[in-house]
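Every chain is named by a letter (A, B, C, D, E and F) in the order it is written, and numbering of its residues begins at 1.
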Amino acid sequence: MKMNKVDLSFQSCKSTYEEADVVIFSVPMDATTSFRPGTRFAGNAIRVDSIGVEWYSPYRERDLNEFKTADVGDLDLPIGAVEDALEIVYNTTKTILKDNKVPMMVGGEHLVSYPVIKAVFESYPNLHIIHLDAHTDLRENFFGRELSHATFMRHVHKFVGDKKIFQFGIRSGEKPEFDWAKEESGHIFQRKFDFEGLDKVCEQLKDVPVYITIDLDVLDPSVFPGTGTPEPGGMQYKDLLWAFDQFEKLNNLVAADFVELSPMLDPSGASTAVAAKTLREMVLLLQKNLEKRK
Amino acid sequence: MKMNKVDLSFQSCKSTYEEADVVIFSVPMDATTSFRPGTRFAGNAIRVDSIGVEWYSPYRERDLNEFKTADVGDLDLPIGAVEDALEIVYNTTKTILKDNKVPMMVGGEHLVSYPVIKAVFESYPNLHIIHLDAHTDLRENFFGRELSHATFMRHVHKFVGDKKIFQFGIRSGEKPEFDWAKEESGHIFQRKFDFEGLDKVCEQLKDVPVYITIDLDVLDPSVFPGTGTPEPGGMQYKDLLWAFDQFEKLNNLVAADFVELSPMLDPSGASTAVAAKTLREMVLLLQKNLEKRK
Amino acid sequence: MKMNKVDLSFQSCKSTYEEADVVIFSVPMDATTSFRPGTRFAGNAIRVDSIGVEWYSPYRERDLNEFKTADVGDLDLPIGAVEDALEIVYNTTKTILKDNKVPMMVGGEHLVSYPVIKAVFESYPNLHIIHLDAHTDLRENFFGRELSHATFMRHVHKFVGDKKIFQFGIRSGEKPEFDWAKEESGHIFQRKFDFEGLDKVCEQLKDVPVYITIDLDVLDPSVFPGTGTPEPGGMQYKDLLWAFDQFEKLNNLVAADFVELSPMLDPSGASTAVAAKTLREMVLLLQKNLEKRK
Amino acid sequence: MKMNKVDLSFQSCKSTYEEADVVIFSVPMDATTSFRPGTRFAGNAIRVDSIGVEWYSPYRERDLNEFKTADVGDLDLPIGAVEDALEIVYNTTKTILKDNKVPMMVGGEHLVSYPVIKAVFESYPNLHIIHLDAHTDLRENFFGRELSHATFMRHVHKFVGDKKIFQFGIRSGEKPEFDWAKEESGHIFQRKFDFEGLDKVCEQLKDVPVYITIDLDVLDPSVFPGTGTPEPGGMQYKDLLWAFDQFEKLNNLVAADFVELSPMLDPSGASTAVAAKTLREMVLLLQKNLEKRK
Amino acid sequence: MKMNKVDLSFQSCKSTYEEADVVIFSVPMDATTSFRPGTRFAGNAIRVDSIGVEWYSPYRERDLNEFKTADVGDLDLPIGAVEDALEIVYNTTKTILKDNKVPMMVGGEHLVSYPVIKAVFESYPNLHIIHLDAHTDLRENFFGRELSHATFMRHVHKFVGDKKIFQFGIRSGEKPEFDWAKEESGHIFQRKFDFEGLDKVCEQLKDVPVYITIDLDVLDPSVFPGTGTPEPGGMQYKDLLWAFDQFEKLNNLVAADFVELSPMLDPSGASTAVAAKTLREMVLLLQKNLEKRK
Amino acid sequence: MKMNKVDLSFQSCKSTYEEADVVIFSVPMDATTSFRPGTRFAGNAIRVDSIGVEWYSPYRERDLNEFKTADVGDLDLPIGAVEDALEIVYNTTKTILKDNKVPMMVGGEHLVSYPVIKAVFESYPNLHIIHLDAHTDLRENFFGRELSHATFMRHVHKFVGDKKIFQFGIRSGEKPEFDWAKEESGHIFQRKFDFEGLDKVCEQLKDVPVYITIDLDVLDPSVFPGTGTPEPGGMQYKDLLWAFDQFEKLNNLVAADFVELSPMLDPSGASTAVAAKTLREMVLLLQKNLEKRK
């Protein structure tokens, strides 16, 4: 009888960091959340509940067991120190990329995507971003701060430049944000309310490096009540699965994340199940993409 | 540093009553509720949580800040005294109408729509009513009472007359109610299960005075679990947004309400978010309509 | 003033066993549940909350009051003794069939369908099974056990034989299960992800004896969060209502069940409302079918 | 195999009305509740959860099985019609007393004790009342109504007269209520904050007819969060058990009730467990008292 | 019929700032919370639920209506900017003191007491502090930050000096914190686990200026589950009421606060009721003290 | 930047099995639970939430960091196979004892204590057992089974013999159980309702090998609502801390467990906090005892 230490890695993602191709890490930060906080608990909630999720995906027709994925857990972050925390997220991503592995980040609030995208951009200067979200996240500043969950994509735009960001599902924001995002401005592509056109965008981005960031509140609150700022009128989970089918077309998916699960807000566990299944699908997308690229 | 009293008005609806065009009031009454009570808490729950909702609507493409809306809060009602409470609701509505303002009522159980519609009818004798609901609310009486949440629309019919009420989304009631509502009876228009035909009805009612009453349980319980009598098989929030698009066709929308949020029943806050967004959309509909009419 | 004992039968299903055509019984067992238990409480939760559900169905256009249905309550089962409990379920079903009544079983975990189907099969050797579920339930064994909620349909196949089982809505399982179920294997019919083709299958099975078993987790967790293993990407309640319309085509519907409500997991009561409405629809389907057969 | 109708009587209280000595009935009414409603669901919640409570009491050292107790369930009440509902409660109590049985009532809001006490008083004109509660319930009127949960004991005083009511545990009310209750007024005995003196009062009332009414919110909200108006600073459950020990001294306990469980407010089930255990203890008190009197 | 703006001031505390003696303000900040956040919602939750609390206190034997108290609501704070937020809290307190009013602050996390105490100290250089808490809050730094909820009292010590801080109820901390607090160190007075000695301390501090700060997690989690870091083994609410009786001895109570209600964590509302009653008692303490000083 | 696998060991108990003195393991089994299941989730819930608990105990005045404790996590158990699961628990305990380490087990339902005590007894034939519980657990059989959570201590008695078991806090059971436990029977020592006499028993058992098993439902449901069979009238957490002080007297504490946390039943997290603190105290008790014995 062998006695090992507790292992609560996500599902069967039990490779060591050294042997893994894809590396899951979670970021327990919700410091700039404006309404209900709690996304800091997402990573471990998903890990514990992943016992209820199959390793095989009938959508991707692959099994997590076929691949080498590591789960390095929650990053260790200073509390209440936004800049320091973002620095740690950035450094972690840099390390993973330097080691030739694919980062798969689990938030936390959406601001934590910023340092990940920044690090990935430094490796892939032609980076394109597919961004599924209920909210524009395009404010110039928010409650007097430049960097927050409500502004971060505007700041990503500052380094990736025009025509690199493709937003879908957006249904909440201030008027200036929507104006800035209009097609004639030439800054970004923005599809309001649904995923229409995502198939064509994936076709178009087939051969460029792509980062996918999903704020799970793009889903309708019925599907995903466990989030801080529920925004009715969102997507069904089947729509997200359709989006994942489109992502299969991409030949150069270099990293990904999803954010904004706040597990305390949905004690039924359904929202955590949504996140766990999303993580399975995204890891499989990244792994299959890697196969293609080898 | 100026010190003001607490102001928990809905979102940015901070005009005084005197300067406002549209007046929000809420009715904390659930006295005839037959299953789970709790709608009395709806108004203040929406107010407190409205901090999580944007003032700008990408659907209506307008911002609440552009308009003058007052929120006069919960009416002060006697507890357990149905008739007295309804009288107060009636008088409040009369006052608002007399002052040439548009009433926007937030329930409470659906019975509280009765005195509001009665008061509005007295100002607009040709009043037509669009009624979105899971339940017929057409019983002759209910547990021995003439006026209750389950009978009120039958009693509205008594004063507005035939062919003035248009129901959509109905999926629960007793057989005699459905029979009474059949087209051949000539009493009312009733569309079961969904909103099909609502676009044509809005076209048809374009120039007559219209009152909109929405029992939020017309939505599926997945979208809106925070209600006393959940009735599976309902509408998605996107369907309701489509209905609001149809309402933009109306040229004479004279008052409106929505009812039946019971916030305690959904501690995730998603149902309250549904109600808060609905209130934003309905205030904008009323305000845009008023602009048209000026 | 007559004083009777407490009667918490489902809705108006207050016939005695002797006078009834259809007999509701519930099975308070969740002993092999692998993730969140609690389905043992389903039967009584549905009974108590059925006060919130109308007796008339606008879908079936019939009223429960028109029929004679008995509700004999929760079976009395030994705790933690799987085989003994299944034996009791089996014997109960045999008795109901022997008395020329139609069994309507309410789970419990899905394993409890096994003895019911076995008993029904012994009366109807040409039995066909329509199975709505998120999960394949086709494992050879599960955690070392032959009979469990995750294996039971594979074991049903052992006695009903090839081409008798028709699965719809399946979206979770292990790869070998999906392989075993493939059309070319000739074992069963399996439709993944949705109900497409259910109308044709009902046409095809019009005149053979049919058993319907519904794992309510075939519904999306948004619609039905109160279940132990929520699997995102499921069906809407309107889809289930459409399925019930197809079931009206069957001329020989001999028994039915639904399973896997865990009421504690959804304190809003919405999941219990889904189950209560499903029970009303299924009793009406069985009763209308019986009328046809008389 | 015998098939009976569902029987969800409280624990083993399965006697028929005719054979019973003590009769449990519950009153699903919360119409005058001023804060959070929901006590209408208490009776059936206690019945369903009584499966988790032993029939034997190590405090009373007796077993419910030794006695003949009937449970006639929830009374059938009109909704929203306070006076009519109270009339039904009154008539039910009269019938039970006329049939020489002991009434054990389970609320509902505290107002429902009024008609029970009235009926019991008519049989026992020298009736004394022991009243455990957090709230005085001694207002002259409340929101314009004479009869409500906040006034009912003042109105009981009108017919029982001075020095018949003994309150314990009171910690909330308006100043005039406390003034009216002061010893020098000679109206009632009132012990604030705890049960001190209850032992002596029980000694003193040993041989007169006594009615016990317990508002379970006399318990601290930690012990009993499932109530509409939680009032911190209350009693522990052990204190209540001590009170029950004192009640054993009474030789003429003629009826009893407890009220104000709102089971929806405590989904953990702990508050319902408190109520179920209280019901067991009170039935045993009534039955043992009856033995003494025989 | 007069139409006013929504007024959700705490209970009857409806004086304007100008006319008030005591000023309630709440601080919606939980930025340095290390475990479960959510205290930002405390102020408005207390306001809305204060409808369920009487204005008269049988403990203080006074009524809130007898006094002039203003409630200026939640301060408007930048999100995620700890220093800026603390500055606003400090300035608010300074203004209230400058205007000769008594500040009554409602947190928020415990760190928000720091700027309030600092401002009060600047008016009363001989300030003594009575601190009820489960946690020492005496770390030198916490996750690399000097100012956090876990360090703030150590930093208060830096300006008030030795022998000015009196802690009670402490039952959690790191060893160095307990060592630093030992009597022989001469820094502060610390009573572990309970309130023993609080009566003597109040006697001793009778005539010096005193600030009371209460972390409500000093209460047992049974009494107060709605807090981010529940620490079993705490005080009953009756103990806190006893402490308030001791506080009546003070002749120079110059300001007060309580902190750490996280209302989302206790949907039963019991924790919010605890906080609302505490606020009533503390306002009455401050008002009665002011009477004494006039 | 070093990348490790997820480590969710309890608090700072991060030693390897090989280097550890005390070994924590958890048993995710609730198969014979008669009322509300869910204790299978206790172990990981405690691990994840232990981030909110200090490593230093001011009661034991020691820090977990001073000792070498391993946490080997949840045992891997077959579902629904009671005997097989108990065998695995037994073998695990045997292994730990054989390796000269002290077992600290976390349940699961109380039946899982049976194989642990059996294995410990085989190493210490003079084993005495201190058993804190609300329930006797002394039935001969339960629902037809010999081994269940309600019978297990009776079966422990069969091998440890008379006068070896010391029960405290018992307040629920059947009459025959209480009769069997009476002093004159000479089987066991049983203290009903509270911990009186525990200090003397600890004195008396000072030098014999002692096993402590704590069913956390010995605590009042107010303190610990997160358990399947809440039994009002229990102990405060301070009483349990006092019991731990008595346990310090023991010189030969050879193993321990606590059981019956069902974390889903208390989403506030307070019950999990109770369990986490209990685990900290019990590990420190075991470690300090080991120091004494070295």
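Going forward, a residue touches a chain if its C-beta (ideal position, glycine included) is under 8 Å from a C-beta of that chain, and two chains touch if they have at least 3 such contacts.
By chain, with names taken from UniProt: A, B, C, D, E, F = Agmatinase.
None of these values were measured; they are calculated from a predicted model.
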* To do: Would you pick out the chains that touch chain B (Agmatinase) and also touch chain E (Agmatinase)?
  => A, D
* Cα superposition of chain B (Agmatinase) onto chain F (Agmatinase): how big is the rotation, rounded to the nearest 5°? -> 180
* Structure fact -> Cα centroid separation, chain D (Agmatinase) vs chain E (Agmatinase), in Å, comes to 38
* Would you mind pulling out the distance in Å between where the CA atoms of chain A (Agmatinase) average out and where those of chain D (Agmatinase) do? => 55
* **Residues of chain A (Agmatinase) engaged with two or more neighbouring chains** => 34, 36, 220, 222-223, 264-266
* Structure fact -> A full list of chain pairs that touch reads A-B, A-C, A-E, A-F, B-C, B-D, B-E, C-D, C-F, D-E, D-F, E-F
* Asked: Quick one: in the complex, what on chain C (Agmatinase) touches chain A (Agmatinase)?
  -> 34-36, 170-175, 178, 192-193, 220-223, 225-226, 228-234, 265-266
* How about chain B (Agmatinase): which of its residues touch chain A (Agmatinase) in the complex? -> 51-52, 54-56, 58-59, 63, 220, 222-223, 236-238, 241, 266, 268-270, 273-274, 277
* Any idea which chain E (Agmatinase) residues touch chain A (Agmatinase) in the complex? -> 30-34, 36-38, 40-41, 77-82, 84, 142-145, 148, 264-265
* Across the complex, what residues on chain E (Agmatinase) touch chain B (Agmatinase)? -> 1, 3-9, 14, 16-17, 23, 44-45, 47-48, 70-74, 91-92, 95-96, 264, 267
